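A, B and C label the chains in the order they appear, each numbered from 1.
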Amino acid sequence: MLQIKNLHASVDGIEILKGINLEIKAGEVHAIMGPNGSGKSTLSKVVAGHPAYEVTQGEILFEGTDIAELDADERARMGIFLAFQYPVEIPGVSNSMLMRQAYNAIRREHGEEELDPLEFDDYVHKKLDLVEMDPKFLDRSVNDGFSGGEKKRNEILQMAVLNPKLALLDETDSGLDIDALRIVSNGINQIKSSDKGVMLVTHYQRILNYITPDYVHVLKAGRIVKSGGKELALELESQGYEEVEEIR
Amino acid sequence: MSLTTAPETTFDLDTLSSGEVPVLNLSSIDAVKQAAAQELASLPFPTTRDEEWRFTNIKPIARSSFKKARSAASDGLTYDTATVPEAADSTLVFVNGLFNESLSRVQGLPEGVIVTNLKDAAIRYSNLVEISFNQANNFEHDYFALLNTAQFEDGSFIYIPKETKLDKTIHLVYLTEGTENSAAFPRNLILADRHSEFTVVEEYIGSDEHAYLTTSFTEILLGEESHMSHVRLQKDGLKAYHVNRIVSKLQRGADLQSYTVSLGAEIFRNDVRAIMDGEGSHATLDGLVLVNGKQLSDTHSIMDHRVANCTSHQLHKTIVDGKATSVFNGKIFVRKDAQKTDAFQENHNLQLSRDGMVYTKPQLEIFADDVKCSHGATVGQMDLEQEFYLKSRGLTDAATKEILTYGFATEVIESLPVESIKEDLKKAVETYTRRGVQNN
Amino acid sequence: MSETDALDSVVSQPYKYGFKTEVEYDDFPRGLNEDIIRMISQRKGEPDFMLEFRLKAYRNWLTMKEPTWPNVDYPPVDYNNIIYYSAPKKKPKLDSLDEVDPAILETYEKLGIPLHEQKLLQNVAVDAVFDSVSVATTFRAKLAEAGVIFCSISEAVKDYPDLIKKYIGSVVPANDNYFAALNSAVFTDGSFCYIPKGVACPMELSTYFRINNEESGQFERTLIVAEEGASVSYLEGCTAPMFSKNQLHAAVVELVALDNAEIKYSTVQNWYSGDKNGVGGIYNFVTKRGICRGVNSKISWTQVETGSAITWKYPSVILQGDNSIGEFYSVAVTNDKMQADTGTKMIHLGKNTRSTIISKGISAGQSNNSYRGLVKIGKKADGARNYSVCDSMLIGDQCGAHTFPYIESANSTASIEHEATTSKIGEDQIFYLQQRGLDEENAVSLIINGFVKEVFKELPMEFAVEATKLLSIKLEGSVG
């Protein structure tokens, strides 16, 4: 589903990613771990197509197509979803309006008929339970005045609504208390399926108690320095990142 | 150095603006003074028809006659430099605009730090004076800027060398005493080299007995990564006229924390401008104005963002009592190249009496798109919720008003960097508040 | 006999100085003098008081100077090179839309204006399905039933001279400002609405129906009076682009609300704004003012300003009656080389008067957009309240946004809150929406719609829909 080959990326001329190789197949959950500044958030932004980052070398293949040159919205409509670490506030734009437009954009892309506001309302209400969200959030402006936990839940709600093939979860667990973490993880687990890939970017092992990864990769200074199964996460937790040896 | 003696002449502003120009004996500066005098001669006195003076009627100033002080002889005047212990050994005292050496006390400053009067500095440090004089000034065609420039005889000069941190507070005291209708034109230059750190308090004190005029002008040049705390206290007599100007120019990474507290004068006009001229610089221009009786206090400020990545913050508060008037005009300019500017301005006005007037005009002029600029202004009474809360705890009406007014004012004072000044001002606020609450 | 009575007796004589004819007049000679004004008044068959009003205004105008304080810049207008009167001409009748400039049709299409309305707008001979005359007639009958007077101001001057005499110039005095004085001297036509006591106007009134086949005047004059307990919603202008040949537009609008009356005035202004290089375009110098004369009355201005090369306009409310309410909702969009200096004045005189100001400015291209406002609390306005929000958004780094709010309070029981922000559409916001699958253009328009929502929701529904489309057309291609 996602193949990253020797990916180099920089922002403002400073190279952050220095040759990443990674493959995520349908049905797999990959956890990307690493210390602050290792480039793990950058990786998810680059895959999603953030304009501030420049791919200087390498390839990002999504279902066989190189997407490195595509705009963020084109990638989104192909089925890539990024749950933001810091979801952006957009005053005046209601949550339901955004989701309907986004959902219909994806349907259009697939030659499907768009849902009118009433049909969409039915559809979205079913998804609210996944993240235990009050329907009143639908009418509020996107993330405007939301608490940290509400913002993260809102990201997962949007993911549930848009039903992507590949989910990039950028530190979705950060800033969540235990209850919120449980709710968010639950939501993710219910969306997870054999035809979807998940890339879970996290600093802590905590969320992996709720979402079991198939693979764990450790990112350091823009490179994957170690890969392994879920046990690697526990190892990191007890030893800390400093102890992880560089492979090369 | 000798004390200046000027002939005693009575003048009104008209004759003054076309009269003789005192010299500093530094040719480049005297040339600027001459040019200012020339422009002044053809410049009409500002009226309320000028946008910049729309709410501030200064006809009383134009109608009065003033005398320039003869000398800075103290006439039995005393000033105890220990009033502000932080500045016991770093205080300059001016009387009626002229330097008074015997009342001043400057000693034990770190090497290279210069704190002296401008006339002296013009002789001993002519280079430093020349590079700092009129550098930040771009108040073209402004009557009082020109008047000060043409007419000043002396003032303070401060130089802080690079990498120097000054723990002492520099205190500049301007006393007006004894002479009826005296006019003073202090001109102050403050020059800070890179990575320096220091605090300056300018204080203007006068008696309530006579009308007098102070036209002051302070120029501040802050070098790279320098930090300056600046406090300006205006405690003039209630018949005084005071027109002041502060211009600061900030180089890369410089940081200015400036506080202006104005309590006195019948008519007070304050023009404050910070020019962010180097990237990453920051200016705070806070102000507190307390007026009563027939006082008129007018603050015009400009945050001039000329380059990218600078920040500015302004909190300006006024309390209006009696038949007093408060005017505030705060501009934020963001010039074309000043991307990533972050500028915030707040202006809050508390009206205690029925007969007071508040004029406020916060103003944004933005020519760059990637900026975050905002301002907020409020005019009104005390917060009813707060009032109710305090009363529900058993406080009397008077006590409630006193506490809330005091609290309103002290928000600005709390951040002042000099402890003794802070305490002194809190007392002044308390007196003002008590009087206000009793009268209304 | 008192002076008023004397005037009344004069004006009630039918057509003493006037005559009526269906013949089209020739244009008057260029230039302005008292003779021209006399001719205007005579051609329009006006009673004496109207001529006096005009002449007085003209004499005042001669002593006045064109204001230079607005933050706009334009070459001097030669007031002696303007034709001050040309009879309301019928637009040439066209046989089909094929004869209309395709550029106009394209804009209509983008606006989603139905075909039959397009025909109306372009004065194409309409078929039986949609007959403007019958629409207008039905419309009038319904209004007459309710006792509402809605006609051109020229008709009103002749048919309801007492009302006109009582109210014209009562809110915007003839010597109020340079452009108002000019308008008072030479106004050609406009609308008059009178809502009698206790009547809620049964429909939204619009200039659309009345002047769809006339060139709306260069010096338009509108007067709306709502008697005690009356209410009306008035829509001005048209969302379609008006390719007026007149460079200078100096209109005056006066609103009078008596006790418990309510007037809602909505404008969508999209005059020609000149080309990309700032050549051509309308100078829109308008004086709009309402007075809440009665207790508990309310005047609400909503404006969407997307056109004109230069806009100079401050729809204002004088809050005289106790408990009266003034509102101003504005979206001003400037692009290319447009210049807008617009805002409002809320003058609080009565007790417990309240005002709200919501202003949203969007600057793009090389344009300059200024908000200029005044909130003034008089000595007797105990308990007055004002709340103002002025937000500006910049698109691109060649434009400017300016905020000049004046606040003057002479009453310690008043409470005034003002906030203003300036920002740009965040790259992060665009990326976030793109990440959800919206293309850049959609993302930007969604954000802009969010930005202006507070104002658009004040517009009548059809207006809001068209204003939204107008906004996206106006800003098309300015991002990216």
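Note that contacts are C-beta pairs under 8 Å (C-beta built on N, C-alpha and C of every residue); 3 or more make two chains touch, one makes a residue touch a chain.
Since the structure is predicted, the reported quantities are computational estimates derived from the model, not experimental observations.
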Chain-contact steps, minimal, separating chain B from chain A: 2
Winner on C-beta contact pairs when A-C is weighed against B-C: B-C
Chain A-chain B separation of Cα centroids, rounded to whole Å: 54
Cα-centroid distance, chain A relative to chain C, in whole angstrom: 50
Rounded Å distance, chain B centre to chain C centre (Cα mean): 45
Of all residues in chain B, the ones touching two or more other chains: none
For chain A, residues that touch 2 or more chains besides their own: none
Partner chain C, residues of chain B touching it in the complex: 51, 55, 320, 334, 336, 339, 349, 351-354, 356-381
Residue numbers on chain C that touch chain A, as the complex places them: 426-429, 431-440, 442-443, 446-447, 449-454
Chain B-touching residues of chain C, taken from the complex the two chains share: 69, 377, 392, 394-397, 399-424
Interfacial residue positions of chain A with respect to chain C in the complex: 48-52, 71-73, 75-77, 81-82, 84, 87-88, 90-93, 97-99, 101-102, 105-106, 109, 141, 158, 162
